[in-house]
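You will see subunit A twice below: alongside subunit B first, and alongside subunit C after that.
The block that comes next holds the complex of A and B.
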């Protein structure tokens, strides 16, 4: 278990995948936002957050993810999540994230849907 | 704004604003259009609308360049003017922009319609933000309830203590927006000390254990004192609660450094209640897993005890050996599944018969292990050595060297020559055997040395008696003579001797059954307190 969040990005044709490893809290959320906004500046309008390496997220992290979703909606972009733990998936549904950002069971399904 | 052209532009702008206000998705455009109109009207190059967020100002919309996205406190702004609105500010550049409003920073006093519209729009932003925040908090309360419910479900579905500990810790840290956390559970191996061992940590190191009775820790857990310094090193704000079940404390859970968008701070009073509710659920889950582990351990021990009892039965004689002119039998009933008494009847050289009855101090598994040691060593020595004190002294040394300091064995070992009727015996601290002579007189085969295992250099004596026709020898363990009645009266040697005398002519197997029956009647159903063992030998021919 680690306090900090590691973020890596895979830039693909028409889709960028952001991989997280660790706690999505204030610092972790800011790291994701920084990468996401950088990708938007680069012209990407479809972002996929693969949370396979994340077991835990707090309310600050969720609020930052909501801000990213709002930003994506403003520019008519797409944001999706994949590979969530059951606990995080349930949390995202309750907090309303799933209403605006689809949740996929795996990266393949997400990539196929988001490129469409 | 004078003349028909400006009036026409105003009407057009008004229609445009009305259209934007009807479009829910056009909120930002509406703000930007309003700001743009305000900028033009007031000769500014840039204007921005900011909401107060604590000590900071957060930009909602902007037109033009040069205005910051965030503003902390009362930071100096070069050539930037400011108008205070309820719940926020309008910032504009350059500062010299023409204002038809009061520059009074204490409040907005203006009749300028655009400024009033901006103030109203900002208020609308504030209300929307508040509503959004409230909706977020309501949703997050549902997440908290779900977490409590999920841990409750885990009580019924998860019995893996390590997995449960991790789940509980992760949930607590995330629910309370903490940066770090640690979970301690009562150390089963150090129950008397009430020591808590670290079961899991998140975000950094934690103290490996805690004395559960430490007054500083107890004060912290009840909110009456600061956290022990080494609980979660390098943290500033800590919150901890005990994990308790009805029967007592089971551990503690601690979290540190509550996060907000501006960094970390202390926890709030409701956080203690939330963590306590969570700890209550966690306590049930942990207790359930602990009891399950205990049940598994008990089952394992029972299986081992069953196996040990089977091994012990294997070392007892399978039947009574045939000895010309004699009847011999043995009987054994352990107080528990396995016992510390031992007897054996075995053939020796030249048609002789060996008889032994031993009683290991203590009960249960340790005593049973010593019985096995005694049995193996005795059989080996009897094959190699002549019956006599040297044999017993070698056996004693072996027992003394291979057993714990406070363990010993009382034993009566005898060798019968059926032809002559001579019985050599050695009594190592055992109860005197009862010899009921054919003429009704009684002799006792008393001690000829210390119990085995007490002193490795102990010496023993061998004695000899001759058994005549009708003589009955009874070797027994103290579980028989010391069996108590409900009035705490022992069965005693006198009752045993009397019973032997009255039943001396019965077949030995019947007599061997009568004795435990009489002891049982004496005890009147009280649980058997000690192992009971008998060896009977009678000369019939």
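The block that comes next holds the complex of A and C.
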């Protein structure tokens, strides 16, 4: 059995939203990173990861998300997360990731804050 | 409070991609059977995934297998789910590992190494036994 990750992107004025569907493991993390770096090349400096379609992640996938956070810090950009399961949100807090990439309950709240 | 083993299931997982998800499915089924709350089941699943990944990736076990034992503990009714993730690999020194932090990982080339911290944060009790006979992560969560 294998489970893959589908990634889609919504390009908006000043903000790109990356939607995930499935398991964020090493391959899933790489898929997200590929889309994120493409968006940075296009000039986006605010990225929102909407994980509503992801019910499970692993630490290898999250370590790739940390690489994206590092890149965003380098370019003075913003990376945020929204629509996390309680366990994924708790995991991000355990790791301290939430200190570097804000977590929002929903996309509207995230978009309003990240465009500000 | 007595903690007898009311039920026990063991999986032998080959070292193949995404085997951790098989363990997480079994964890879900057993946790549901003892009526653990959905949020707590989700935490157990994630901890099981992390423990299996550590074993699958780092154990170097010659039999190329990881053994996951699920024990439902209690006196008459289920009170706790205990999970043992065992490999026959080379072992490691839990005391010798450095606690990962985001500040440290942001500067580091290697961003990985979070598994045990996540397991400890999500489960109620965690014990690591490691030596020449391999490694066993023992983790428990109250129902």
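One rule holds for everything that comes next: the second predicted complex is superposed on the first by the 114 of 116 C-alpha atoms of A that agree within 3 Å, B and C clash if a C-alpha of one lies under 4 Å from a C-alpha of the other, contacts with A are read in each partner's own complex, and residues count from 1 in each chain.
The rule we apply is simple: a contact is a pair of C-beta atoms (placed from the backbone, for glycine too) under 8 Å apart; a residue touches a chain by one contact, two chains touch by 3 or more.
What you see is a predicted model; the values in this text were computed from it and never measured.
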- Item | Fit or clash - subunit C, subunit B, common subunit A | clash
- Go through the superposed model and pick first if A:100 touches only subunit B, second if only subunit C, both, or neither. second
- Task: Scan A:58 for contacts with subunit B and subunit C and give back first, second, both or neither.
- Result: both
- Per-residue contact with subunit A, leading partner among subunit C and subunit B: C
- Task: Once the structures are superposed on A, label A:87 by its partner contacts, choosing first (subunit B), second (subunit C), both or neither.
- Result: both
- Query: Thinking of the overlay built on chain A, is A:67 touched by subunit B (first), by subunit C (second), by both, or by neither?
  - Reply: second
- Message: By the touch definition above, which subunit A residues appear in both interfaces, subunit B in one complex and subunit C in the other?
- Response: 1-3, 23, 25, 55-60, 62-63, 66, 87, 90-91, 94-96
- Task: Show which residues of subunit C lie in contact with subunit A when the two form their complex.
- Result: 17-18, 20-22, 24, 39, 42-43, 45-46, 49-50, 53, 100-103, 105-106, 111-112, 114-115, 117-118, 121-122
- Interfacial residue positions of subunit B with respect to subunit A in the complex: 28, 135-136, 139-140, 142-143, 146-147, 150, 170-171, 173-175, 177-180, 201-204, 259-261, 263
- Message: Applying the document's contact rule, which stretches of subunit A touch subunit B when the two form their complex?
- Response: 1-3, 23, 25-26, 55-60, 62-63, 66, 74, 87, 90-91, 94-96
- Query: Within the complex, which stretch of subunit A touches subunit C?
  - Reply: 1-3, 23, 25, 55-60, 62-64, 66-67, 69-70, 73, 85-88, 90-91, 94-97, 99-100
